[in-house]
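Got a structure for you, written out below as structure tokens; questions coming shortly.
Should a chain be cited, it is by its letter among A, B, C and D, assigned in written order, with residues numbered from 1 in that chain.
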Amino acid sequence: MAKVLMKGNEAIAESAIRAGGLCYFCYPLTPQSEVAEYLARRMPEVGGAYLQAESEVAVSNMLYGAAGAGARAWTTSSSPGISLMMEALSYIAAAELPAVVVNIVRTGPGLGGILPSQGDYNQAVKSGGHGDYRCLVLAPSSVQEAADMMPLAFDRADRYRNPVIVVGDGMIGQMMEPVEFKQWDFPPLPAKDWATTGCKGRKPNVVNSLFLDPKAEEQVNRRLGAKYAQMKREEVRFEEYRTERAYRVLLVAYGTTARVCKTAIQRLAQENVEVALLRPTTLFPFPEERLFELSRAAEFVMSVEMSMGQMLDDVRLAVGRDKPVHFFGRQGGIVPSPEEVADAVKSHLDGRGAGA
Amino acid sequence: MAKVLMKGNEAIAESAIRAGGLCYFCYPLTPQSEVAEYLARRMPEVGGAYLQAESEVAVSNMLYGAAGAGARAWTTSSSPGISLMMEALSYIAAAELPAVVVNIVRTGPGLGGILPSQGDYNQAVKSGGHGDYRCLVLAPSSVQEAADMMPLAFDRADRYRNPVIVVGDGMIGQMMEPVEFKQWDFPPLPAKDWATTGCKGRKPNVVNSLFLDPKAEEQVNRRLGAKYAQMKREEVRFEEYRTERAYRVLLVAYGTTARVCKTAIQRLAQENVEVALLRPTTLFPFPEERLFELSRAAEFVMSVEMSMGQMLDDVRLAVGRDKPVHFFGRQGGIVPSPEEVADAVKSHLDGRGAGA
Amino acid sequence: MAKVLMKGNEAIAESAIRAGGLCYFCYPLTPQSEVAEYLARRMPEVGGAYLQAESEVAVSNMLYGAAGAGARAWTTSSSPGISLMMEALSYIAAAELPAVVVNIVRTGPGLGGILPSQGDYNQAVKSGGHGDYRCLVLAPSSVQEAADMMPLAFDRADRYRNPVIVVGDGMIGQMMEPVEFKQWDFPPLPAKDWATTGCKGRKPNVVNSLFLDPKAEEQVNRRLGAKYAQMKREEVRFEEYRTERAYRVLLVAYGTTARVCKTAIQRLAQENVEVALLRPTTLFPFPEERLFELSRAAEFVMSVEMSMGQMLDDVRLAVGRDKPVHFFGRQGGIVPSPEEVADAVKSHLDGRGAGA
Amino acid sequence: MAKVLMKGNEAIAESAIRAGGLCYFCYPLTPQSEVAEYLARRMPEVGGAYLQAESEVAVSNMLYGAAGAGARAWTTSSSPGISLMMEALSYIAAAELPAVVVNIVRTGPGLGGILPSQGDYNQAVKSGGHGDYRCLVLAPSSVQEAADMMPLAFDRADRYRNPVIVVGDGMIGQMMEPVEFKQWDFPPLPAKDWATTGCKGRKPNVVNSLFLDPKAEEQVNRRLGAKYAQMKREEVRFEEYRTERAYRVLLVAYGTTARVCKTAIQRLAQENVEVALLRPTTLFPFPEERLFELSRAAEFVMSVEMSMGQMLDDVRLAVGRDKPVHFFGRQGGIVPSPEEVADAVKSHLDGRGAGA
């Protein structure tokens, strides 16, 4: 198929439809409202369900219900809206249901602003809801990758029967890039024989997250735990940039910030400062072991984020205490410039350090 | 004052009143409902405000409103109810308002069960809401300590103008122990001249978390960041147990689990296996540096939790990669027994390892 | 088509589908929940939309939204649930949108009980919401008539662009009777060119009920008033029973109560007491003029209701002050027996009067 | 006490406080928001409870709860907000609890406009909620009368254990007039021994509106019915104007419209057209018998309303069919002028009739 020029938000919407994500619930909030707008028009054409609910709490419980009925259900929102879904996400994970949640992150906390941010890393990766659950977290850094990740998100949600979060930001949502909607070829999925589809003739299916017997509840926790361990073995994804040659510094960045880092690295290379990048494309599971390996060759590691430093802890955890881990970040919706990143790298090489 | 025998939930309620926590909002949920019951009776006696709202979302926004008006506002809930407060907690932190939230944690995820758990560590410590904010997190392990921590929570909330979370569990909430309500002597607090108390004659105060100008929003993020850095310097609290003598193993545990660990340590000592315990009483900030120091003398460190291992990452972060960090946990509301903990320690000493 | 034996609630559901009522919102409440159950199964088969919302307030606003988009949208509920829709019904009427609301009335006020009642007459007929609006109100007294009235309700809702209420009761909803789904042949309806269907190429349609300019708002009120005047001219419906012969007494009753009255009349006829019945099948507009005419020949008129006397005022209004108007009613879910009704008639003929 | 110049909304607020209405719930909506503003400042001064809830649905259920606990609980809102309270009002009446609801009516239906209206007559008088219940409905036509009616409303609510509605309009709410807060001397009220005040030592009180046994529910309906019959005997209130001399025409009007009618009557008198006015100050119970008596002397009766004609039916019901009943109204927030009213009177006297 030919490439078309699309906004990230629209590419996400179109790709989700092509992946069979035909059950969509939403509540408007900048900067993700174009997804809803696009789907308001497209869903009737493809026979899908589009529903704007009365709040994000309602959205998240509709997601729970539709997922339980076997639909490929999904939603998009932005940071404060996602916070309102924390209870339901925990329920969906506990009931082992598939669901896809796209967070086009805006700057926070609170109402914050409508500009891009990476300030919801902890919420997505450490699971902002209650109890022991995890979401698979995907982080695209281009419109094409955002489009590519939607079919993957739906497939893995179904395969693991677990919520999958796609973390974008206002930059990826708003910018236009050429995008191609590819054919995907995932292995067959098991039938959704657990879904509450109406039980004519068979035993009723029950969707539940209440287990009052502690032994049974512990079993649930351990079954979930085994699933997350499997994700850690099988779902780690990342991109490496300039790791095939010698480097003095290793940057770690995802999403929009990783694009900035690549430009910064190119500029530093012109100054003969060799820098490499590890770009996680899954935030959970985090490429912990690969990061450790790559960190060995570097003088220091630097996490670059549009936040006060959230992925930073996962970077430090991977690298250990024997190698310096620095941080460079901008906040408030300000995308760091390549110059700023390059300067931060150089200041640490000089031993001057750099403010975050 | 003489000691009285009280349930933990009641001690929390009474202590909060004595600390001036006279504005209380709630929604019933086991296992924290005794707090609400107690206060329904006591609040009218002390001229306080008691309000059972229509949901935890409403509760958390009332907390936001009352805090903005300068009240010592607080709530209690349990895990799923706390998840519904994530949006408002982020708003309260962003607007730099004081508020105290007590989470009597039950087992999750989802509806889970009503038995004790430590499965909301990440939510409390990594901040389950959106954006860059942190809560000071206190973790009592006895009824007395729960009572003691309420005045501290209110004081620190006011002092930092930031939400404080007290993480209990059903065990602490339900068990009866002798408790003494002490006199506290905190340094004077600044006047709440930012509160929206009605602006007769002065310039109106505005409580806000929306900052559309990215420079202004970045300033907010950095001001908050400076506050959390100050907490890390000044608010780290922990208890050490048997660290003054030589030990082969260092346990890390908080709350109910720490009590179990102490018994396990006593039993192991009778078998001449010397084990020490670091019990964080603040989960954020985490006693990272002290844990690192104490870990140096141990053959390995073991985090003991009623979860699948959440504090574990903070323990690993503190210890680094050069010293084994093991985990022992029970889930589903099952409190680990001292024997289980002791066995887990011995199995790692034997090199057999232990399942979690 | 052959007759099938069906519950009233199911006949309403099936008939609505056949009338194109493919957009259904609901919230469960006895004694109307079978409608929702039936449609949960049937809607997917016919490609319709079935949505159980989070409350009746949500239902009524979804109705408003779907109606505005041009759908044949409808809901069913029972008394307390209908009360929660009063605001939205006023909005729907003000915005001149079609919608069908079925109220399977239960006994009230408050939670009341789940047995049949006619206690919501005033709410339906006098318009329980705010402002000058009216709903066309249909009142079936058999399963067949309930089925027949659904296509009529949808047609008139579209034709008048106004909400239509179908007032049933638990008796009609729960009893099984043979029903035939007839072919209907209504005159063509105007195109819904006012609907917000996405405005590609045309001027956007606006659905609105806010008119801040008093002249414009007065115009709206008068346009609505003209519509209700037209209903009064063209939509009055009723059944007469034994009015073709001489009678001493005229009963007025609708729904289940009218069936009881017919049996009472038959028994009274065996005692040579001639009684006639006027059964309104539209409650708004009320058959005021016909009732006045029929009342001339009677010694007195008696309104028979499962309420404390609500239609009674409309009966008195029609009859005037020069002819006695009596009332007989049972409440609390008790369906009056034919004997009770006959006794009440005879006691008034005897001049003894009868308690209600 | 000396008179002070106050807005109607403020006079209502102040008078309610002096009457002990110390438990106030609200949600902002023009044109009644000054009541809330005033009370936000005053309630803390008098130790009362002021709570802005998350919606009018929440407000009305808080009213239910506070009334059940024995408080003098009240709220104010405007038309759409009042519609959202219909369910709870029915519950409050069914549970036989006192509550005062002030409706500063704005023009409708729907969002309508913010100007004065009398379009909620039916909702208030015919009881917009479900089931057989009635509210005592008071209708002031001046700021002084609005102030006077608040103590009466609270007294009667307590005395009858039934909701009382005070129907104002934007005109009365917004205009400033001199007002005196009088001392009231009502007979002693029975103790609220049914209130859920905490049952130390006594049998628990239960506040309930669910009666599944039809006999019990019928008893509830009849007990309520007896209460409303008592209101009809004892609570009918009205003012007569120029009924002591001969008149050709009788106007019926309440609230702001009645003031306009008085001016119109004065002007008509100068033209030697004698007209009298009956001004109901209770809308339920309606002064039906007095209206009938007064109508005997008139050539015709005319109902003057800021609506499409809602009180009109009660006027027609009282007058009967043997005397013409005309209607004059303005809508959309337009207050009729005395000239318009006078012209309408004269046109009917001329036999020309008048448009509404």
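The working rule: a contact is a pair of C-beta atoms (placed from the backbone, for glycine too) under 8 Å apart; a residue touches a chain by one contact, two chains touch by 3 or more.
It should be emphasised that the depicted structure is a prediction, and the values quoted were computed from it without experimental measurement.
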item: Intersection of contact partners for chain B and chain C; value: A, D
item: Smallest count of steps, each to a touching chain, taking chain A to chain D; value: 2
item: More contacts between chains, C-D or B-D; value: C-D
item: Chain centre separation in whole Å, for chain D relative to chain B (CA means); value: 52
item: Between chain D and chain C, distance of the C-alpha-averaged centres to the nearest whole Å; value: 28
item: Per-residue multi-chain contacts in chain B, two or more chains; value: none
item: Overall pattern in which the protein chains touch one another (line/ring/star/complete/other); value: ring
item: Each pair of chains that touches, named by its two labels; value: A-B, A-C, B-D, C-D
item: Chain C to chain D touching residues, read off their complex; value: 57, 79-80, 82-84, 86-87, 90-91, 93-95, 105, 107-115, 117, 119-120, 122-123, 126-133, 208-222, 224-225, 292, 307-308, 310, 313, 316-317, 320-322, 330-334
item: Contact set on chain A toward chain C in their complex; value: 40-41, 47, 49, 51-54, 58, 61, 198
